[in-house]
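Quick heads-up: structures coming right below.
Two complexes are shown next, each including subunit A; its partner changes from subunit B in the first to subunit C in the second.
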Partner chain A sequence: MKMKRVIGILLIAAAIALLAVTLSAEGMLDELLQGMDPQNLAAQDAKMLKARDRVLDSFAENDREKTLRNLDKYLENYEEVLTISSAARMEVFAYRRSPVLLAAAAFLLVLGAALIVQSLPGRQKLHQVSTYAILIAALYAGVYIAENLAGASSMLVMVLKKGVIYALIAVSMNLLNGFTGLFSLGQAGFMLVGAYTYAIFSIPVADRAQVYQYYAGGIVQFQLPVLVAILLGGIAAAFFAWLVGMPVLRLKSDYLAIATLGFAEIIRAVFQYDGFGPVTNGSNLLRRFPTFDTVLYPFAVVGVCILLIVLLIHSTYGRAFKAIRDDEVAAEAMGINLFQHKQQAFVISSFFAGIGGALLAMYQTTVQASAFKASMTYEILLIVVIGGMGSVSGSVLASFLFVASSEWWLRFLDSPMTIGSFQVPLLRSGFRMVVFSIVIMLVVLRYRQGIMGDRELNLGLFKPRRKQEEKHG
Partner chain B sequence: MTDFISANLPYLLGGISVGGQYALISIGYTMVYGILRLINFAHGDIFTVAGFFMVYMSATMPLYISLPLTIVLTVALGFGVERVAYKPLRQAPRMSVMISAIGVSYLLQNLMWYVTGGLAKQYPTVPFISGTVTVYTATTKMVTLVTPILTFVLVLALVQLINHTKIGMAMRAVSKDFETAKLMGIKIDRVISVTFIIGSFLAAVGSILYFTNYTAVTPTVGAMPGLKAFVAAVFGGIGSIPGAVIGAFIIGISENIIKALGLTTFSDAFTFALLIFILIFKPSGLFGEDDNEKV
Partner chain C sequence: MAEHVLELNDITMQFGGVVAVNNLSMYVDKDEIVALIGPNGAGKTTAFNCVTGVYRPTNGMVRYQGEKLVANHPTGKMKNLYAGENKEKYVSETLVRTPDKITKMGIARTFQNIRLFKTQTVLENVLIATHLHRTSNLLTATLRLNAAEEKRMREKAMFLLDQVGLAEEKDEKATSLPYGRQRRLEIARALATDPKLLLLDEPAAGMNPQETDELAAFIRRIRQDFQLTIFLIEHHMDLVMDISDRIYVIDFGRLIATGLPDEVQDNPDVIQAYLGVDEE
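Up next is the complex of A and B:
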């Protein structure tokens, strides 16, 4: 216990030191450069001064990438004349890697604080929360560091962005299909509503004339803040779900599937209808709305949403949903209002699907109704199945796996390959998806439980719930 | 009056023709649903694959070989899909089988994309039915007239098969009560295979007629007609063959009327609106039997 506290304090101290170094390097590039100036001022020719000014100019413009490029050039060209101390080297390094270092410092801070909390006696609940805090901090710091090391346009970052958005959508679908037992295939429709609502209300007013060029700038002439627009996307999707749910949720399993699929198609047709052009831009695409530039943004939004879904699943509502899934008649006999609970699950699931759709629009930077086809719903359904019906962590894992293998790991199958003089047959564009769908079929046929079944990911950090509690719960 | 007819006749003819094609596809849906209680999401893709079979085969073979071969291969595909993807799940929950069907659809679409490179292929012209004909004032392809006749003949033959042969009786028995039929010594797997074979055969014929009319085949082109044919099956009362045929004609004709009114965007949406309408007010469809849910 003591040990933990000491380590915690040390970690916090280290984090503060790291923060101090990084932040000092961040603001003082000009001083740093002056410190490097050669003793013999005569050596400072005009060219060198110009190079130095370039660094300082780009620094003043707050353009990190450009600054680093100029700084590299400056240091390389004039290495012999400059006096570069090891402290200066460290500061340059700190400046170059400052996002990574800041993330690492933040993680150490959380880790230290969590360890100190755990060293305090008692407070079981607090200990558990601190363990979660460590995991979450590690995840976010890791993602941020990965983004900065791999570069914002790398495959890894693309997969992380798309994967996390799909994770939200898959979890929202799992809430319906896995937890409430409603086989709904309308997810793409609700994503479309979310994506369009977000785009319509967040395009800057100045750009509207160009985006809505066939509809005289459209009729929406204001711009909402990004987060408000995302939220509105969710609310709009939830509203549509409420409307759709009233007739549809009275239907039984496969009729429900086909009816929700049908509604998704109707929504798609309505949004493409020329008559609504001034709002939806007809069948043309919407663009120029704000997007995110760091992977942390979707991670933060999705993290909050999934947390809310998990809390919901563990609430009395969640238990009612599961009761409906396991046996509708018995659930009704226990006094659960079937329609009301199904409606709740449907509306909540669609709300998060709408938010997922808004994030997807941000990821794609443009959005067009014709992309939200039934095949999109199928993809998400397959993710849910691979992850395991009724497992939130399974859906999240499967989303990343799905996106990573379809967009990245199996890419090599799409390009011809020769080993020695042997031309590997079959490899050409499209083969990746064939292999991929065969793997999915194997999962569907052989491992019907998916990765997680209906269990949740448990890293062995938490004690399993006591049997007693389960029985009473 | 004459003006009205000559203005709308092409749409009506188009509607009847496409209705007949939907009818041929929807029989496959309705029979499979009647027996397995499964929405065979892959059926629309089998229909598309049949189109590609024809495209590739007619490039190298004369028509009198490629045409029957297309039908044979499509039937083999339908049979194979059932054996590989649905048979192992006989004891599984219905949701799993439906997911498997969606998986097959995904696989077939990706496979078609791979083989074709995602490009639209020109459907070969089939002599006689590709020719043009003038009906009253409207000029149309021969296929427009052939489709309803052929559909009628095939449906008649199918109804005879179901009502007057041994395998037909077995099919009726299985669709009435799966378990009891099994106990009575009916070979369930055989009945199911025959169902898929008939469904795929009709889908292949439907595909030849449909693509002769629309000429371009792409990997996803079958998804929409597939879904519409399913709606037709539900509309007519799932499990009922005459229901499916009538439903298909109603959908095909209304769709073309909507196009004639200049609301093309909504022609697909209308089909689904119809579906939801019928599901709410008469879930068993026009000719379906009411089945009371047992607890």
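Up next is the complex of A and C:
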């Protein structure tokens, strides 16, 4: 216990030191460069001076990549004449790797704090929460470091961005299909509402004339802050769900699926309708709205949303949802108002689907209603089924696997390949999807209940199982 | 006259051309244990379902503590099809309540074919039944601002599990319990809704004689401890004769006898209904 506290304090101290070094390197690049200069710099070389100014200029412009490029050139070309102390070397390294170091420092901070919390006696629950905090901090730090090492436009970052957005949408669909037992196929429609609402209210006023070129600049002539617009996207989707839910939620099983699917198609058609052009831009693209440039942004928004969903599922309302899934007749006999609770689950699920749609719009940088087809719903449904109906972590895991294999890992199958003089057969554009379908079939055959079933990925996942085996054995 | 806890007036339930319950009138008084018996297919569970809101009776009225609970008269196609009695008596009455509203008013039930929440643990099954008295809304429950309420729910659920002797098994899956204990869990779950009237649909079905004896003692005990009025359907004659204060017997949906257990036991109509017509 005491050991843990000491380690915790040490870790926090280390994190603070790391932060200090990194931040000072961020701020003092010019001083650093001056410190390296030989005494008689002015007499030395005009070219060298110019190179040095280029570094400082790009630094002043706050352009990280350019600064690093210029710095490399400068250090390389004039290495002999510069006086580069080991301290200076460290500072340069710290500047070069500052995002990674900052992420590491943040992680150490959380780790240290969590260890101190765990060294305190009592409150079992707090200990558990702090363990999860460590895992989540590690995940976020890892993602941020990966983004900075792999580069913002790498395939890995693309997959992370799209994967995390799909994760939110899959979890929201799971709340409805897996936890409340309502087989709904309207997810694409609610994503569309979210995406459009976000785009319509966040395009800068100056750009509207160009975006709405066929509709005289449109009728919405103001811009909302990004987060407000995202939230509004969720609220708009929730409102549509509330309207749609009133007639539709009185239906059961397959009929509900057909009705929601139909409503999603209607929503898509309505948003493409020329008459609403001044608002929705008809069947044309919406573009030029703000997007995110770091992968942390969608991770943060999705993290908060999924946390809320998990909290809901474990609340008394979540228990009521699960009761409806297990046995409607018994749930109603226990005083649970079926329609009210189904409506709640439907509206909440759509709210988060709407937020997911808004994030997807930011990821794609453009929105067009025709992209939100029923096949998008099926993709999400596939993720939910593969992950496991009734498992949040299953949905999240499956989203990343799904996006990674459909967009990245199987990409090589789409281009012809020759090994020596041997032309590998079958490889051509489109073959990827054939293999992808087969992989999915194999996964579904192997895991009948999805990867996770209705279990969750947690710290005790392996413990109780072993205990049970002992009991039966 | 004191009000009956439950009162059925001329209840008729007709499915298409089939009259499942015909003109059934009966009452249950406070603190009584009343049994409704009859051969298979006599319409016992149908009568139950009319009280709990699962079915909407075709004709007649149910009162609960003097208040109108359910009332209906033949409408639409049923106007011409109706084969029961008292067709005109309730013409101005229609009052339909869904099962959850009726449970909220203080009538809880168990099911003939056990209906537990299969994927949930024993504790969660009981917790779900405490949901109807919540004061939190979606937002406060999600943000955990209802910690006090949640604690109350858990304490109450644990208390009830303790009462029915299932506290040890609280974290096991409900369906992993043996049959007799699943029945007890169903009763605990029903008690969690804070009922004044408990409807038990064949509570001893599938139990052996020893379990049945225990059940009789158990039902008496919960009546005492929770000040319940109990209305039950049962096939098991030993149990019915043992615990009932009064008995109603129906056959083909019609009331054929009523009275104290001893009286009913010797009633020739009842014997005939159960054993068939004596052919000589």
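Annotations for the structure displayed:
In the analysis below, the second predicted complex is superposed on the first by the 449 of 473 C-alpha atoms of A that agree within 3 Å, B and C clash if a C-alpha of one lies under 4 Å from a C-alpha of the other, contacts with A are read in each partner's own complex, and residues count from 1 in each chain.
We adopt the following convention: a residue touches a chain if its C-beta (ideal position, glycine included) is under 8 Å from a C-beta of that chain, and two chains touch if they have at least 3 such contacts.
Since the structure is predicted, the reported quantities are computational estimates derived from the model, not experimental observations.
When the two complexes are superposed, the chain touching more residues of subunit A, out of subunit B and subunit C, is B. In the superposition on chain A, A:308 contacts subunit C only, with no contact to subunit B.
Of the two partner chains placed around the shared chain by superposition, neither subunit B nor subunit C is touched by A:209. Using the contact criterion defined above for the overlaid structures, shared-chain residue A:454 touches subunit C, although it does not reach subunit B. In the superposed model, A:329 lies in contact with both subunit B and subunit C. When the shared chain is aligned, subunit B comes close enough to touch A:374, but subunit C does not. Once chain A of one complex is fitted onto chain A of the other, the partner contacts of A:338 are limited to subunit C, with no touch recorded for subunit B.
Once chain A of one complex is fitted onto chain A of the other, the partner contacts of A:183 are limited to subunit B, with no touch recorded for subunit C. Shared-chain residue A:253: touches subunit B; no touch with subunit C. Residue contacts after overlaying the shared chain place A:319 against subunit C, while subunit B stays out of touching range. In the superposition on chain A, the residues of subunit A contacting both subunit B and subunit C are 329. By the touch rule above, subunit A contacts subunit B in their complex via residues 177, 183, 247-248, 250-255, 257-259, 261-263, 265-266, 269-270, 272-274, 283, 329, 373-375, 378-379, 381-382, 385, 428-431, 433-434, 436-438, 440-441, 444-445, 448. Residues of subunit A touching subunit C in their complex: 308, 311-312, 315-317, 319-320, 322-323, 325-327, 329-338, 344, 348, 390, 454. Listing the residues of subunit C that touch subunit A in their complex gives 52, 54, 98-101, 103-104, 108-109, 111, 115-120, 124, 127-132, 134, 136, 138, 141-144, 146, 149-150, 153, 189-190, 192-193.
Residues 37, 39, 84-85, 88-89, 92, 94-96, 98-100, 102-107, 109-111, 113-115, 117-118, 220, 223, 227, 230-231, 234, 265-266, 268-269, 271-273, 275-276, 279-280, 283, 293, 295 of subunit B are the ones touching subunit A in the complex.
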